[in-house]
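What follows is a set of structures for review.
Presented sequentially are two complexes of chain A, the first with chain B as partner and the second with chain C.
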Partner chain A sequence: MVPARLSLSARRALWAWAFLAVPIVFYVTIRLYPAVDAFVMSFTNWNIVGTRAFNGLDNYLRLFGDPRFWTVLRNTFVYLGAGLVVSMGLAFAVAYHLDKVRFGHGFLRALYFVPHITTAVAMAWVWRWFYQPVPVGLFNDLLVAVGLPQQPFLRSTGQALFAILAPAVWAGIGFQIVIFLAGLKAIPAHYYEAAALDGAGPWRVLFEITLPLLRPTVVFLTVTSSIAYLRIFDYVYAMTLGTGGPLDSTKPIVLMIFETAFKNFEMGYAAAQTVVLFLILLAISLLQLRLMDRRP
Partner chain B sequence: MKRFTRRAVGSALAAICAMGLWSGAARAQAVEIEYWQYTFPQRVQAMDELIKRFEAANPGIKVKQVTVPYDDFRVKIAAAVPAGQGPDVVQLFYGWLQDYLKAKMLQPLPAEMFNAADIEKEFFPSVKQMKVGGQYYALPTSVRSLALFWNKKLVKEAGLDPEKPPQTLDELVAAAERATKRDASGNLLQAGITIDMLGQDHHWIREVLIRQMGGKPYSPDNRKVTYNDAAGIKAVAWYTDLVARHKVGEAGFMTDGVTAFRSNRAAFTIDGSFRLAALDNQKGLDYAVAELPAQDGKRFNFTSYWVNGITPKATGAKREAAAKFLKFITSPEAQELWLEKVGELPAAVAVANKPAIAGHAKYGPFVRGLANAEATFFVNESAQRKVFTDMVDAVLIKKQPVAEAVATAAAEEQKLIDGFFGN
Partner chain C sequence: MTRAATRPSAAVPRHRSQARAAPRPGRILAVTLLALGGIVMVMPFVYMLATSLKDNSEIFELSLWPRHPTLDNYAQVLGASGFPRWFFNSLLVAAVTTGSVLFFDSLVGYTLAKFRFCGRPAVFVAILSTLMVPTEMLVLPWYTMSKAMGWLDTYWGLLFPGLMTGFGTFLMKQFFESVPDELIEAGRIDGLNEFEIWWRICLPLVGPALSALAIFVFLGNWTAFLWPLIAVADTRMYTLPVGLASFSSELQTEWGLIMAGAAVATMPTLVVFVLLQKYIVRGIMLAGLKV
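Then we have the complex of A and B:
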């Protein structure tokens, strides 16, 4: 079928495109088309059956006037802020020290990675039990055993969000540690040798060699982890039995979208929420790339 | 050559036409209809048995049962029916009727086979919610109601008579107080009564406690929330006092109410008839069931049920077959089979009042409860439940005054109802 007069390189390109076409078609129909459709949907009133009626900016105006949206947005940013700082800090601390350990290195690394490959819902349920009051809750049993008062954890509007964040961080750092370790390995050893010859202390080495040279790793992890925390859903859904409670104190934006779309069947309003989430994700990712990827 | 080809094509066409006619005729002989319900082993088995009996009695009709996981049930039907696909006869929760009518997913039951007066004579009064504009749109096979479950062992340990359940709300509080156990620092080890708004408690408050305190949850046309008054406040205060004042239970104790009760960690719980099968299979649990406690001699109950309706997809012979099938699966014969296989109460008064059912130690209290049971007119069940959950949490966690929490809840729920009727 391929005309004989095509050059070798042209034919190669043709073959490459033939193979690429499959994922492109898939991507366009499964990803791109629904995404574009969601934008269109966000300007309509649609209850999943019947016709879509355009209603201009009504969905967006309703969203910005909805106090619940601002609560949910605040929660989402608390997940992001606390999750990012704690997980990156812990992951780096673990990786930094793990990098210096030879004995049992592989075993420890595997141990940190296991939560990452465990099903989120199964883990969330186990943590939900950890947080229960006595006599079944592990954490409260421990508190009571050492003579401290019980904590409400998931039944408290102040503690619940952080109680849910903990297993998410715990699962996320496995991945972050492995990436940090790869980044640390990639730093050429002669920098450290030179620093040692110059008599630089460990803190100086950390701040002037290790961290600056880890910049690409940090950028990558910050962007991917931010996206993950902004889209947190499974832990919240499993640990609050789908409610985002108590009193909406743990509800992230994705859970609000899920409820609007698949419990209330307000597809247009839900689409407007996804557009807002998309814009937030885009803005934060671009900002982080700009701030952190600047070449020295 | 050319002529031959033409003749061959001609005869092939004729053959195809004939086959079409023949299969069309065959189809006219055996009408096939689809029945959809959500996946739940006991319900599916009961329906298989009903279909077998129905097909034996109606040789011209084939019924295909399709089951869909509960979480996808509404979405799948919502997608299929408007496209002319999916079920001819469909099962739906009574609270979804308004949504289904709005989306034009149901047609009225044929009046010649389903006479409104006969239906109202035969079924429990709450079935009237299925009548819109003088026409019935759906009918139940079975109904559910609430009752007070008590753990005989724990009640006996507390020094109470395990055969005599509390008859009033005050007696319930007193009994729960005696059955509550705490450690030296006050941590709950055994609850007097379960506190679980994600279970049945929100129905108990809404349709039972508010009425018992002299109020009404909604206006007769279901368009106005009417519990923001002294009775509503009294009902919510009574419920939250179980935790705040009497300290006989805590939300989240043993993760949820059912778990606490079935693991012998709670003496009393309010639950539905659908729980009987699971609790009967629980090893080491010795429990009994009584009617919900009365207040000032008044008893109320909450009932809910699944109904069967016919979609617009069924026309002509299919509509007739669908109507016959619906008549059969809501008949006394089907109701008794449903009770036996699924454990849900018969929807017809005469069937439920048979001595074997009404006199049954565990079914009896539920059947008696049906006599004064109300089915809430939900416009969005999950959102309305959340309003009640948030109201109780505001009192218990945020220590908000009960009157404020009730006012907020009433306003929130009114917004949901207005949104529904405004659209």
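Then we have the complex of A and C:
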């Protein structure tokens, strides 16, 4: 009896390792080793053709002394801050009302969701077209039609970042709405029934029942959306023809990494930038764990 | 009350009382605003399609209905540029990646959920830790690796980073955990080996999770931009997003052609969405709440 059981569990362990053999090779060579390699690379001076020469913290010191890095970091956090506030606010408003609509619910949800699954580069060009001056661009045509002055949009250092953020919010909001809807649906009906019996108005229900019970959803969405906005790239690249212009005013950190590594081939310097991005993302993930732990 | 008496089913509240409590005019206003917002959301698609069907004489008109609809832009995009090849490249990369992810993520998820063996926690933590590392950090070593191995400008170079995902592995693990052990025991008594138990008994039970994962992975690869932009310099090896970006940057102001190109890149995802809407939305809810 005992030897038979032992051999069964040993056989199962063999099967398990057989199942895991190829995946372990993959995760070690394609995921774990490159992550370590990026860290190591960040302490070297390497222009891809020569040999790697360790230079200690030089890349990091150079980065923190580089005014372009601070511009880029500021841009990245403007994308994050403005994108997060606007998208979460809009998504919650839509989901909150859509949750109460029965007629055409699925159809309306589809209209809001469909931008989320489309190719960013393609839609970036549609929006780039909208932003063109009269007579090409839709937005300026509309502005002029109602008697307002034309706006430079993508040509202005003050407006371009927000002109790029708009389609990013447009594309991301469908995901947030769907997750909010799922969270709203998960709130047990008896809370609302009790509130109705107590004669609570809609605002009190919103602030004292819906929002507190929605807390896990809000934390989840805040973290996933923050990470998405910190990693913004496709829309910026496509709408500024890969430049992050005008004058770096729209350049996020991922575009700076791309340029440093694949235009200037300063791999060590680029690796240091990816490590900074990694640390920022890590901090946000850890914050999520802490917020999730604390129960209301 | 009389209604409840004549139709007993009406006595059971079918919707939340919250829904019925909202004042009527407010509801109508809310629905109207929601519908308007929904129309605004799809306007970029409508304009993209309308413009792609216009000829040059009316391209600067804002009308949504082309007076002389023409497929010239599409003929030019598909005939004279690399679009058919890029389309094929994207399809191939997305299909192979999806197949690989479905197979390996569900196999690893199953192993982590249903096998108890020495070393399991280490494997679990190792895969979990890969979720923490952003792609942007890995593309540098991937590039140097591909350069050294001669993988640049090849299909393998495009798809190797995505062959398995930590996200999918944990999604599948969650679902396999709810498969009862008795079924696995029964399979063993029937003389199936462990692979057959997974393939023939357990896998069919997690169909909804598999289809959700398939849709995420396919769409994610179809729209992927950063790595294909890095991994490929030969225009014949471009994927659609990379090809579209370079095509549009070259043309700059040929908006009819650019919109036709954008439509070609977008159309498959729109078709997939219309066909599978229910599964996509359900899948997002499933994954968003599970992981």
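Note that the second predicted complex is superposed on the first by the 267 of 296 C-alpha atoms of A that agree within 3 Å, B and C clash if a C-alpha of one lies under 4 Å from a C-alpha of the other, contacts with A are read in each partner's own complex, and residues count from 1 in each chain.
Quick note on the criterion: a contact is a pair of C-beta atoms (placed from the backbone, for glycine too) under 8 Å apart; a residue touches a chain by one contact, two chains touch by 3 or more.
Note that the structure is a prediction, hence the values are computed from the model and not measured.
With both structures placed on the common chain, the touch criterion links A:F262 to chain B and to chain C.
Applying the stated contact rule after C-alpha superposition, one finds that A:I30 touches chain C and leaves chain B untouched.
Once the two complexes are overlaid on the shared chain, A:L241 sits against chain B and chain C alike.
Comparing chain B with chain C, more residues of chain A are touched by C. In the superposition on chain A, contact of A:T157 is made with chain B only, not with chain C.
Legend: residue contacts after superposition of the two complexes on their common chain; A:I48 is shown touching both chain B and chain C. In the overlay built on the shared chain, the residue A:V136 is in contact with chain B and with chain C.
When the two structures are aligned on the shared chain, A:V85 is found in touch with neither chain B nor chain C.
When both complexes are overlaid on chain A, the residue A:A283 reaches neither chain B nor chain C.
Counting contacts as defined above, chain A residues 48, 129, 135-136, 241, 262 meet chain B in one complex and chain C in the other. Residues 9, 12-13, 15-17, 19-20, 22-24, 26-28, 30-35, 37-38, 41, 48, 94, 97-98, 100-104, 106, 108-115, 117-123, 125-127, 129-130, 135-136, 138, 141, 167, 170, 174-175, 178-179, 181-183, 186, 189, 192-193, 195-196, 202, 205, 220, 227, 231, 233-234, 237-238, 241-242, 254, 257-258, 261-262, 267, 270-271, 274-275, 277-278, 281-282, 285 of chain A are the ones touching chain C in the complex.
Within the complex formed with chain B, the residues of chain A that make contact are 47-50, 128-129, 132-136, 140, 144, 149-150, 152, 154-157, 241, 243, 245-248, 259, 262-265.
Against chain A, in their complex, chain C makes its touches with residues 13, 15-19, 21-22, 27, 30-31, 33-35, 37-39, 41-42, 44-45, 47-48, 51, 60, 62, 104, 107-108, 110-111, 115-120, 123, 126-127, 129-130, 132-134, 136-145, 147, 160-161, 163-164, 166, 193-195, 198, 219, 222-223, 225-226, 229-230, 240-242, 244-245, 248-249, 253, 255, 258-259, 261-263, 265-266, 269-270, 272-273, 277-278, 280-281, 284-285, 288-289.
If you check the complex, the residues on chain B that touch chain A are 75, 78-79, 81-82, 99, 103, 105, 183, 185, 187-189, 198, 250-255, 265, 380, 382-383, 386, 389-390, 393-394, 397-398.
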